[in-house]
Structure formats: structure tokens, C-alpha cells
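What follows is a set of structures to go through.
Here come two complexes built around chain A, the first alongside chain B, the second alongside chain C.
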Partner chain A sequence: MPVTAVAAGESLNRSIVIGREDPGDCLLHVVMAADSHLDLSVIVLPGASSRVNLRVDMEGPGAEAYISGIYLCPGAEEVSIRTDVNHKVPHCVSRQLFKGIAGGTAKTDFYGKIVVAQDAQKTEAYQENHNLLISDSARMDTRPQLEIYADDVKCSHGATVGRLNEDEQFYMRSRGIPESEAMTLQMLSFISPVIGHIPDIQTRENVSRIAEQAIRSFREV
Partner chain B sequence: MDEKNILEDIARKEYEHGFVTDVEQEFIPKGLNEDIIRMISAKKEEPQWLLDFRLEAFRKWQKMKMPQWAHLDIPEIDFQDIIYYAAPKKDSDRPKEIDPELAETFEKLGIPLHERAALAGVAVDAVFDSVSVTTTFRQALADKGIIFCSFSEAVREHPDLVRRYLATVVPSGDNFYAALNSAVFSDGSFCYIPKGVRCPMELSSYFRINAKGTGQFERTLIVADEGSYVSYMEGCTAPMRDENQLHAAVVEIVVEKDAEVKYSTVQNWYPGDAQGRGGIFNFVTKRGICKGTGSHLSWTQVETGSAITWKYPSTILKGDNSSSEFYSVAVTNNFQQADTGTKMIHIGKNTRSRIVSKGISAGRSQNSYRGLVKMLPGADNARNFSQCDSLLIGDRCGAHTFPSIENANRTAVVEHEATTSKISEDQLFYCNQRGIGPEEAVGLIVNGYAREVLSKLPMEFAVEAQKLLQVSLEGSVG
Partner chain C sequence: MSESNILLKIEGLHARVEDKEILKGVDLTIRKGEIHAVMGPNGAGKSTLSAVLAGKPNFTVTEGAVTFMGKDLLKMTPEERSWAGIFLSFQYPVEIPGVTITSFMKTAVNARRQSEGKESLKAGEFLKLMKEKMAFVQMKPEFSKREVNVGFSGGEKKRNEIFQMAMLDPVLSILDETDSGLDVDALRIVANGVNALHTPEKSAIIITHYQRLLEYIVPDVVHVLKNGRIVRTAGKELVAEIEEKGYDSIN
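Let's look at the complex of A and B:
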């Protein structure tokens, strides 16, 4: 795996889009020095079966990482996401947010691991993975993992696999919004926290446009 | 520092159930082979079908390997260096009476075997090494048609029932330790609640390892027929020794239509000393099946003992509208290791499950939660919620969470959340400031933290469990 180093005090922003045109795996290993900053997002679009493997090593105190992703799988895609966040030194913060939607016969698997080393005190590590399952033949697995060897830490993870909220749908439909549009709006709002966080305005607007197109392609719901 | 001295003192306090009872024991030779299994079976005067079952399991076991996936550091176990059967010799002059030394042992442990002295409303089956010593309140239960006896007795007196349900939930080749247990299991409890009967008292099994160099392999089978209810409790202790002893049990629970089973465990096997020498290896397979519609199974466990724990009480939710719960408090201190959790397999429609797990690690211990929630394609509208919290006390211990969620049904909803933190200094300060010492404050905070689980235990156990939590954590605050 190629290693990307973020030097002390530097920051790195990157958004990676994996689509039908340029499918393939995304393997990334980032090593963070003291007080460095990372903002990484990965968008997996419909039609792309891929393996996303992100590893972030916190090697200098004060490093901060925000890692996020969206995977949209309306067809027969097989997507696997793996993240490894290693807190090796004290006073680092990591936040992860991954959101997936699966329809058709898609299969998705999320595996997210956080390791906090023995002396990495005052670590804050958070991870969230939320999934929407919108077809009976699709399958979504999630395996968040916390391995913690230090005591003065704040760590949490949350994972859900569920369906679109019926109360919200009813609310919109009783106000004249057609069912399919209501669902599209729900899905858009579901992924918007990830998109909203992309720091660069240009990239954010681009990604937002592509993601909306992709969500409108979820037909069979 | 003053505080430190007090803590060290308490930390040196011994495991209070660590005594050895000096009774004449009967052993079979060390080692494991088909002859040994035949010998165990012959000693227990078992029918041919049960011997065949044991041998088949043994052949499967020989082809299996010890599981390595758990977050545990298990030293090599020499399965040929274990005595697979040990029984207190019966005094032939008084065959109807319990050996006074044994009665005293159980008395010391707080398990009175004489009915008049027994805790009102608890029937006990006491298992000492490989045999069941006595079962109390048998008559009162029999009047209602409830069968509660030792496993060996059930094989003799109710062979049809045993044969019908044995290994239906945990097949003999299920995993390495379940196969080993199926081959050499000695005694355990059997419990059958007939249709529509509500068991009038708590049933309880008490397991005690006494003999040196032995392993305990008990087997428990609980069957709750349609519309019945039972609450079952299990407790265990062992003497203090430098060697590691193996405990590999299998528990099977069958819950029929509209029946309800509550299974509670307070596990307090000898955990080893402060340097990590000795202690029990507790490798247990527990599984229940909610077979009929509307059935309910609830697991509650308080795990404070054992050098190494490998245990995942699970439920298969097969019947529509069935539900299951898992409440757990696992405490590890010194060099203890625990890898424990649950599996909820949703097959039926509208099945519900709830997992609440509280891990507490102190000293140099490692405490892991490992769980599986699986929604099969037919589990329409199934629902699961899991909450796993870990509390760290000291900077040399570890707390880990490894949940696995698999969902293949569009209408099923699974939620999992986990947090890890330490006891907040504000809480400690608050207590100290009001004159509550550091040790006591930690006890209070931990009990509050585990309250949600402790409140699910039957009354008799809840008191014991609260005390246990306090004792297990002694000396961990510094």
C-alpha cells in the first residue's frame, strides 16, 4: 500500500470518487505527524464493485483526522470498506462517519477498527456506520471493532442497519410529495452529513451533484 | 501514601471460596481415549445410545482444532493430562444421606442442601466435581409435574425426554469444546417444565470443582414446554491452586410456544492470584432456541471469576414473535482475560432481541465483548438493539468491542452502540468530598454502572452479585 505522510502541522484534504468509469480498489495508508490534520472522504458510486482500504496511523500528538465515506449500491455491486485507525500516541482525535445504501442484490461489508495503544492517553476516537437496506435481496454487514489499551480515553462506535423511516414518508406524502420523491429526499438527507463536511466548496458541490444523480438511479424501491 | 496502603491490604485479601474439601475421592486414570469414555459411561451405567453419542462426539473432536480467533492468550492445554472423572466416594453405611463433609462444603459456600434450611423458594442441584450430590425440593416440584434432577438420573429415569432433546441446540460437533464436552460430560442438571406450568420456585444449580488435576464437564438441559415458565440460576466456585483447571460445559435450552425461560449465572471460578498464576479456564457453550411462537428467553450473567473466559450465550429466534435478551456484567482484574458476548440469530418474523453488556477491566486484564446479530431473509420486522459499555480502571488493562451485524432483510432494523471510558474524576471527587473513601466510591460507581444488569437478576443472586463486584475490584484503584 502506498504511504502518504502528513508532516507536522500540515493538513491534507482529499476526496476520492470511485465510479463506473474508474472502478477499482482504493488503498490508502496515511501516517500523521504531530498536530497534522487529515480530511478524507471516499464516495463509491453505483456500478462500482470495489474494495476500499484506509489505514491511518497517528504518530505525533495532537493529530486530528476526519474520515468519511458514502457507498451507493443499487444493483449487483459488492463493496467492502475497511478502515484501520491506530492511535499510537496521546492527544489525538479521530472521527469516522460512513453511510451506505444497498438495493438490488448488492452486498456491502464495513469493517472498521480502532486501536488505541497503551500509552495513547487522552485519545478521542469515534466511529459511526449507518446503513439503509432497501431491497429484500441485498445484504449489509457491519463489524465495528474497538481495541483499547489505555484508560484515559473517550471512544465510541455506533452501527445501524435499517430501513427508511415510515413516519417521515407519511409526513411528506400527506403534503403532496410523491412516494419516489419522498424516498429520494430521505436518502439525500441520509448521506448529507458526509457531503456537508467536505471542506473544499468546489469538490463538495461536485460530489453532491454526482451523489444526487446516483440516488435518483435507485429505481426499484 | 495512606490510601495506597489500604488498597494493597484489601488487594491481598484471598479468594474466599478457595478452600479444598478433604473427602475420599474416586478417580479414573488421567488422559483421554475411547477406553476412558467407555469407562465414564460404564461408571454411570449409561444406555448404549448415550455411549454411541459420546464416541461419535469424541471422533469429531479428534479432528478439530482449538479455536484461535478469540482475543485471548491461552497457554497450551494438554488434554491428556486431565482427569476426566472424579467423584466423592459414597459412604456405604449411609447411602441415603449426604456425606457430612460434602454437606459442610456446600454449607460453607452458602448453599444449604437440607430442605428445611434452604432458602425459601429455591430448589438446588449441587454438582461436586463430576457428580451431582443432591437435588432439593424434588417432591414439591414433582407434584406439579416438573422434573428437576441430575443429568445422570434423567438418563436413567426419563431417557425418552433426554434422547429427544439432547444435542438439538448444541450439536456434538458444534465447536471444539462442545465436542469435548459431548464426549466426556459427567453430570449436570436436567429440567423439564410441562405444558402450562409455572415453576413455583427458582431452580438453581451449583457447581464446585474440588479435586486436583481434574476438569469439570457438566451438561445442562432445560426444556420449557408450551406456555410454561421457569427461572433458573447457576453458580460456581473452585479451590485456589497454582495449576489451571479446565471447565468446559454445555448448556442447552429449548423454549416451546409461549413459554418463558430466565437463565441467570453468577460465575465465580477461582481467577488465579494477583500474579496470574492458576485459575480456571472457563470455555463454555450456552445456547437456547426460541422454538415456538411467542417464546421468550432471557440470559443474565455476572462474570467475575476464571483466569480465562470464553463464553457466548446465544439465542436462535426461530418462532415468530419470539424475543430474547442478554444482560451481562463481566469484570476482569489482575491477569484475567475474558472474551464474552452473545449471538442473536433472527429467523422468525417480528422477533426482537436486546443486548446490554457492561465490561469492567482493571489491573492488567483484557476484557472483550464479541457479539453477532444476524437477520435472516425471513426475519420480517425483526428488531435488535445492542448497548455495550466498557469501563477501564488503570492504564495497563484493555477493553475491546467486536460486534458483528449481518442484515439480509429490508424490514429488519439493527442498532449497535458502544462506548469506552474510565470512571470520571468528577464522580470520584464528588464521593470523596462527601466522606466516601476511594475504594468505596469506585464500588458505588461500578454498581451504579452495572445496575441495569444487576436489576435483572433474581433477588437471591442480586445481593451476591453486588458483593462479588465489590470484592473483584478491590485493590484496583490507585
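Let's look at the complex of A and C:
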């Protein structure tokens, strides 16, 4: 796996878009020095079956990482996301937010591991993975894994798999919003926290536009 | 009155939720310009009636017919009913996190225009309309940027319903327990809104347990719904009788 180093006090912002044209694996290993910042997002678009493997090692105190992702799978995609966040030293913060939508016969799997070493006191490590199932034939798995060896830390994880809320749908339809458009609004609002966080405005707008197109493709399924 | 004045005609309506029959033969005719109150004790079927008229899934009509402006209402989807001019003010307005009032209303207004073969409103025209209708229910400008009903107080939720009603300009408004959870000031804003939107071409069904709202919105016809049937229909004097004697004496 290629290693990317973020030097002390430096920042790295990166958004990776995996589309139909260049599916496949996305492997990334980031090593963070003291007081460095990382903002990493991965967007998996419809038609792309891929394996995403992100490893972040926090090797200097004061490092902060925000790792996020969206996977949109309306068809027969198979997407696997794996994250490994290793808190090796004290006073580092990591936040993960991954959101997926699956329709058709798509299969998705999220495996997120956080390891907090014994010396890594005052660690803050958070992980969220939320999934939206659009069809009965799709399958979504989520497996959060926390290994904490230090005793003075703040760590949490949340994992859900759910469906579109029917009360919201009826409310919107009763105002004249067609069912398919109501679903689109619901899916857009589901992923908006991930997109809203992308630091670079240009990237955020691009991703937002691409994601909206992708979400509209769920309609035909 | 001639048949052409009839806006809504409900005949022998039976409906159930899951396996439970709630409406057991409701007949109701509403003409243009009329305000009808449907009153009744809890569990009488008042909210089921409004849900069936708006087309809520999971409510199954087992018998009877509903005609709205000459069309078979029961064959229409909820969005088609909205486009035809039906509006339901929800007893419990739904929170939609992540969707702003502006984007919600823009989608709704333009979907309706599309159904009429009209072009979408220009951004400026839409904002002007929003501003006008927000002022109508005394909503502050930042209201448009808030997520639909998220973190709203009870009064704000109901004012938001009347705001949406003003935006969509319905022919038949159904207000389901709009007075519940409202303080006097909010009640007055809501009632003034409903009254101001009322014209000789438009009708309303006010569903309520109490007479409170009917002091502000005066009905032409009052029905008492009990155990899935309308057991009494009279003029507005019936409200006072209910207040005095309760629902037990009306059968």
C-alpha cells in the first residue's frame, strides 16, 4: 500500500471519487506527524464495484483526522470499505463518517477498526456508519471494531441500517412532491452531512452535483 | 343547491387500518365556499377520515366512494390529490432533517406547476411568494433556511402548516386538530390565516375535539363523528350543545 506522510504541522485535504470509468481498489495509508491535519473523503459512485482500504496512523501528538465517505450503489455493485485508524500516541483526534445507499442487488460492507494504544491517553476517536436500504434484494453489512488499550479516552461508534422514512414520504407527497422526487430529497439529505464537510468549495460543489445525479439514478431501479 | 356546486362528496365510506375497521359508513357532502366542522370524541375516526382523503398509505378503503370536483379521489395518488387542490394540515407535522423549507416548498410548488403544464417559477418570483406568505403567518426571515419542522415548537409547526397552505392555495383544506397544542396567540394567527385564505370558491373541513378553534373560524355545518359514523349534522349551534352536554348525549 502506498504511504502518504503528513509532516508535523502540515495539512492534507483529499477527495477521491471512484466512478464507473475507473472502478477497482482504492488503497491509501496515511501517516500523521505531530499537529498535522487530514481531511479525507471517498465517494463511490453507481456502477463502481470497488474495495476501499484506508489506513491512518497517528504517530505524533496533536494530530487530527476527519475521514468520510459515501457509497451509492443502485444496481449490482459490490463495495467494501475498510478503515483502520491507529492511535499510537496521546492527544490525537479522529472522526469517521461513512454513509451508504444500496438498491437493486447491491452488496456493501463496512468494516471500521479503531485501535487506541496503551500510551495513547487523551485520545478522541469517533466512528459513524449509516446505511440506507432501498431494495429488499440489496444487502448492507456494517462492522465497527474498537480496540482500546488506554484508559483515559473518548471513543464512540454508531452503526445503523435503515429504510426511507414513510411518514416523511407521505408528508412530502401530500404537498404535491412526486414519490420519486420525495425519495431523492430524502437520499440527498441523508448524505448531505458528508458532502457538507468537504473542505474545498470547488470539490464540494463537484461532488454534490455528481452525487445528486447518482441519486437520481436510484429512481429507475 | 345545484350539483355543480358540490366540491366533495363522500358516500358510504368504510375504511380500516391494518385489520381494524375505523370508518363504518361516512356520508358527507361539501359545497363550494362552505366550512364544515367534524367534531367527535377521541377514537371516533376523525383523523382516519382526513388520512383517507389525503391518500395516506396503510389506510384501506373497503367500501364507498369519494368524488372531488367530479373525479374519483380514491384512484388518485397523494401528490395528484395535492395538485387537484386538496391540502391536509397535519395533526403531527413531520420533521424532515436535511431538507430546508425553501427547497421543500420550491419542489412542491414547481411539481404542481409542472402538473399544470406550467414552467417552474423563476428564483425571484419564488422568493417573493415565500416572503409574502411567511409574513402572512408571522414567520421570521430565517424560517426559510430552517429544516422542515426540525426543532420547531408546537405553535411553529402549525404555523408552518398554514404557511404551506397559503403557498399551495388549495381548493379544499382539511385541518386535522390544528388547534391541539397551540397557545392563544398561535391559535389566533392560525385562525386568521385560514379565514384570510377563505373565498366563496374554497372550502374547508375543520377536524377538532374542542370548540376553541371554532370561535375563530365559524363553520357553516357541524358534524359529529362517533364510532366511525356521522351521527348528527346541524348548524353552528351544535357546537354550543356539545360544549354544554358533551358527546355522550349526541347519538
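Descriptive notes on the structure:
As a working rule, the second predicted complex is superposed on the first by the 219 of 221 C-alpha atoms of A that agree within 3 Å, B and C clash if a C-alpha of one lies under 4 Å from a C-alpha of the other, contacts with A are read in each partner's own complex, and residues count from 1 in each chain.
As a convention for this text, contacts are C-beta pairs under 8 Å (C-beta built on N, C-alpha and C of every residue); 3 or more make two chains touch, one makes a residue touch a chain.
Please read all numbers here as calculations on a predicted model, not as lab measurements.
Once chain A is used to superpose the two complexes, chain B occupies space next to chain C without a clash. In the superposed model, A:D167 makes contact with chain C only, not with chain B. In the superposed model, A:P178 lies in contact with chain C only, and not with chain B. Shared-chain residue A:S192: touches chain C; no touch with chain B.
Looking at the shared chain after the overlay, A:Q213 reaches neither chain B nor chain C. Between chain B and chain C, B contacts the larger number of chain A residues. In the superposition on chain A, A:A138 makes contact with chain B only, not with chain C. After superposing the two complexes on chain A, the angle subtended at the C-alpha centre of chain A by the centres of chain B and chain C comes to 90 degrees, rounded to the nearest 10. No C-alpha atom of chain B lies closer than 14 Å to any C-alpha atom of chain C in the overlay.
Residue overlap on chain A between its contacts with chain B in one complex and with chain C in the other: absent. The touching residues of chain A, when paired with chain C in their complex, are 166-168, 170-179, 181, 185-186, 188-190, 192-193.
Those residues of chain A that touch chain B in the shared complex are 118-119, 121, 131, 133-136, 138-163.
Contacts from chain C toward chain A in the complex involve residues 54-57, 77-79, 81-83, 87-88, 90, 93-94, 96-99, 103-105, 107-109, 111-112, 115, 164, 168. The touching residues of chain B, when paired with chain A in their complex, are 71, 375, 377, 390, 392-422.
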